[in-house]
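Okay, here's the structure, questions in a sec.
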């Protein structure tokens, strides 16, 4: 779960990381009021959960409350990478001397948190990693001990930060790590961390991604979820315990298992089809869950054909077949469907579906070919 | 021969009185696995599965009474970190964690601790292990594969079954199948298992099933290139996955331009691995 | 630093450990009021920082507020092991079915915390350890991880506690450990932890000892220090950074280094003298610190003679000698003093003292013999 | 010959710009110790002690530049846990912590971590090490002892000096003197050092100076009885100490009837150790 900049920065502040004074607004008039209160220049920053806000004109500087109001009006009309801007953060503007990158994430290879810092802040860290890998410094954190003070200090030293800022930088690194660790984040990032003309260090922009599996430990964070920022179909899938990702194609996929679901999409794409979604119904999916999954797939108007790929494993295929038939009864919209069933009693399962006039296939490739053919027919109709 | 588990493996089931634990314990026994004990705190003294398997309150007691040397966990995600610590502290040398949805922070702690204590962990969020004809520890269906000389290692569940089934249809048997799990931070990795297969005299070739996310496949490619003599066939799921979207598994996500299927396939190919176009194409590449 | 029962239990309660309802009082009238409010039988418990309160009559049960008032009057007159009772805790009485021991301390050998539990509660755990070692169960806690839930549960299982109490017992063990760990305690103990007739678990008595070296992390705990419970001379020594323990003899000792101070006392005692104190002035003691130490030693009227044993080491003995002379100038009361000085420039140091008509010795034994002889003269005078 | 330190030991001083650190670094250099670097965060680039010793901001940099293989810490108690972690993580194999007043919880964490990383820790709250004629790392006065064949190990500071001096007066030299410190939880213990002296061909006899509190002397007695061939002379301070009172050292306290001098003396004696009545009586027992 991704948090907005304003939410992330608020959480940083609660862990002792200094942030600019600022407030969130939803209308240009509110922006003007906030700018007046902050007294002076402000930054007006769109709050959407995608990257590229700057390039899209979603972050602007205003010299006066009037200008802030005007800019906010424009920004609140924007749509950035498909997402309409609903909120803006109005921050006191800072005179920036230096921009630094500081982030914490989990290192999959080491199995530990890693703090990453770079004197080249303000741009994507991946860009720095590609162009100036020598400008990135890292410290791995023992998950049983947490960040040690000396590590934060060593980062400052390794970045060749002027010595008078080591103390404050270390405090910010510790605050950032505390945020990451205490909230079960998978990413906590300050970019840029700026040094202002007054020699103050500030988290000018912030980003937090939370570990969904650990959200149960932080019920207060669940309230920060911005439902507007999530596709309704993905939200509904989550409610049913389904893993669903909408894509741009026209072939709906329903598969049990994430790896198999990806492989199914790959086969369809490889054979010239266009998958409309990733959908993993998980293990032991019952008729009710299958029905929900079908509804979600069909809520995408682009879907012209569907393929079910169920590897029964221990589950009996005749039960799966009956579940599919029951589920389909509840569905109104009719599109082509081919089902591939493998596992215990697979012949019986296929016979049940065949008797209900459903197409079945025995191999993945065969099923993919059938659904692709059907999707092209549907499209050409 | 096989790796990690065989006929002698004495299996403890943590969380045996839960729905999943009980069902799969029964499936394991039917397969011939030596299931010797279960643990559910507060249910010590019970007997389950037609009175054949004793349940203990603590792993320590289960080990003392039954000499289990492997534990498989069907414990809910919220309690599974503690259960893994308990298994490690009681002296279980091989811990297989089936549970999915384990918080990453918990896994970082567990992995650090188990590494340091010398306990081998497989998983979490994995289907477990299967040595055909000898023992299955986890949830891999037993009837879709037969004994043989192909080692299988995979980050996935049903996709692994798909591959096992494709091998079976062509008459190719398996030495051991290891599901290492789809989480970003887990115990045993590809490289560990590849090393074991390389050292196992009865494994003649290896099938490695990866997916998008992370860089484990790239490191495996390096290992294959530098240290493996046996042929390896690979498959990478997720070529059609868009960046930034998590494909079901917590670990299956293309982030900031890394973890892409194309890069993994290229790395494997340059290490001499034959990479299949789709799962059903794997058997042909083994001959 | 030791905490009172009422302070300890309050801290336990803040970490989720259930305790009886109760309040502290300083007069019999207050006790009556509290007992009336608690409505029913109460325990009236003297709050002094020594053991043996029960045997000394410092813990009594009252069936009515009137009885509580009477008992409190008696208890507040008591002196237990030399300490006058100034406060009592009035707790709601419980109907006790089972008494359990539960404590956490640091295991010096393992270098980790250890939780100790026993179904034989209500008596000193050392007594149980001696008479029924098999009734004690232990769990060592990894200091990098903290207490794991399974360990708390395993203790309950190992004690053969009835199963319905495992959950609550585990919660109490975790709460006790949290108290111990978060406060930098060296001991946190519930004895007894009782199971009442209503099947509730309660910390009936509690004890916490804090790590003095870690008190700086817990300024709020420093306020719990009961100055009345400390000998004034020891309190003053602490203020000067001196380590002082009053004993029953008549020979004052001033030594640099704890081990050497003990050895000095041992030699005096071994040769038939009676040390009046342990005093370690630490390293690099200047004249001011020496003067404070002498004042503290002489504040004990039993002291009839003094021995200084200073192993100069790197410090120059002539400096030490001058420091002693300066310090003595500030002292009014005159008692016999022999100084033993060893280290760089020791001859010069001894000469300086000799010129000031002070006795000196070159060996520890010689110095001890001199001071013992003087102490006997003083006593016989 | 000696244990732990010798002429080759390259010493880093953590906290070198503090009053104590600077003074004792100078003393160590005067003794002939190879002091190669100091660390004080924020003072990197300075040179101290007549411009002879470079100061670094981090232990990592100090090691990279000077190849130090031992670190001695004069860091204030509040920061010393972090400094020990830093030394261990930078790869220092031998850490000597002079600092006193370290919280017990900090020591529990450090000890667990350094044990697991294979780093030897001496102290805290100890006078350090001295190999007469070769190297001193810590604060033991150099001039009160000469090279020889007696190994000395002690929980105390000035009491150790007393013993060294008594040995010197009788012409007895020392192979190495190890002050293990007076805290309840510390790094290297009596048994570790006794083992090293037993293995050191140039140590012919050992003097062990214990005190009240804990049970380390009792465990040392067991070790002496089971594993030592060289003669050991002992002294235990605190026979006249009352129970329940901490005698200066955090570790010197008789608690709940254990840790008494009489018990320790009895244990040592039954292990064949000759226990001295007072420090000055030790030399006579060595002949």
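When the chains are written out, they are named A, B, C and D in that same order, and each has its own residue count from 1.
Just so we're on the same page, contacts are C-beta pairs under 8 Å (C-beta built on N, C-alpha and C of every residue); 3 or more make two chains touch, one makes a residue touch a chain.
Values in this document were obtained by computation on a predicted structure and should not be read as measured data.
Of all chains, the one whose mean C-alpha position sits at the greatest distance from that of chain B is C.
Between chain B and chain C the centroid-to-centroid distance comes to 55 Å (mean Cα coordinates, whole Å). Rounded to whole angstrom units, the spacing between the C-alpha centres of chain C and chain D is 27. Within chain D, residues 109, 113 each touch two or more of the remaining chains. Of all residues in chain C, those touching 2 or more other chains are 142, 144-145, listed in ascending order. Chain contact topology: the protein chains form a pattern that is neither a line, a ring, a star nor a complete graph.
Here the chains touching each other pair up as A-B, A-C, A-D, B-C, C-D. The part of chain C that touches chain B in the complex is made up of residues 142, 145, 148-150, 153-154, 157, 163, 166. Interface residues of chain B, counted against chain C in their complex, comprise 41-42, 44, 57-61, 79, 82-83, 85-86, 89, 109, 113. Per the touch definition, chain C reaches chain A in the complex via residues 144-145.
By the touch criterion stated above, chain A contacts chain B in their complex at residues 106, 108-109, 111-113, 124-126, 142-144, 181, 184, 186, 211-214, 216-217, 243, 245, 247, 255-263, 265-270, 275, 278, 280, 283, 311-314, 342-344, 363-365.
Of all residues in chain D, those touching chain C in their complex are 27, 77-78, 101-109, 111-113, 115, 139-141, 143-144, 154-162, 165, 182, 184-185, 209, 211-212, 214-216, 219, 235, 237-242, 245-252, 256-257, 261, 277-280.
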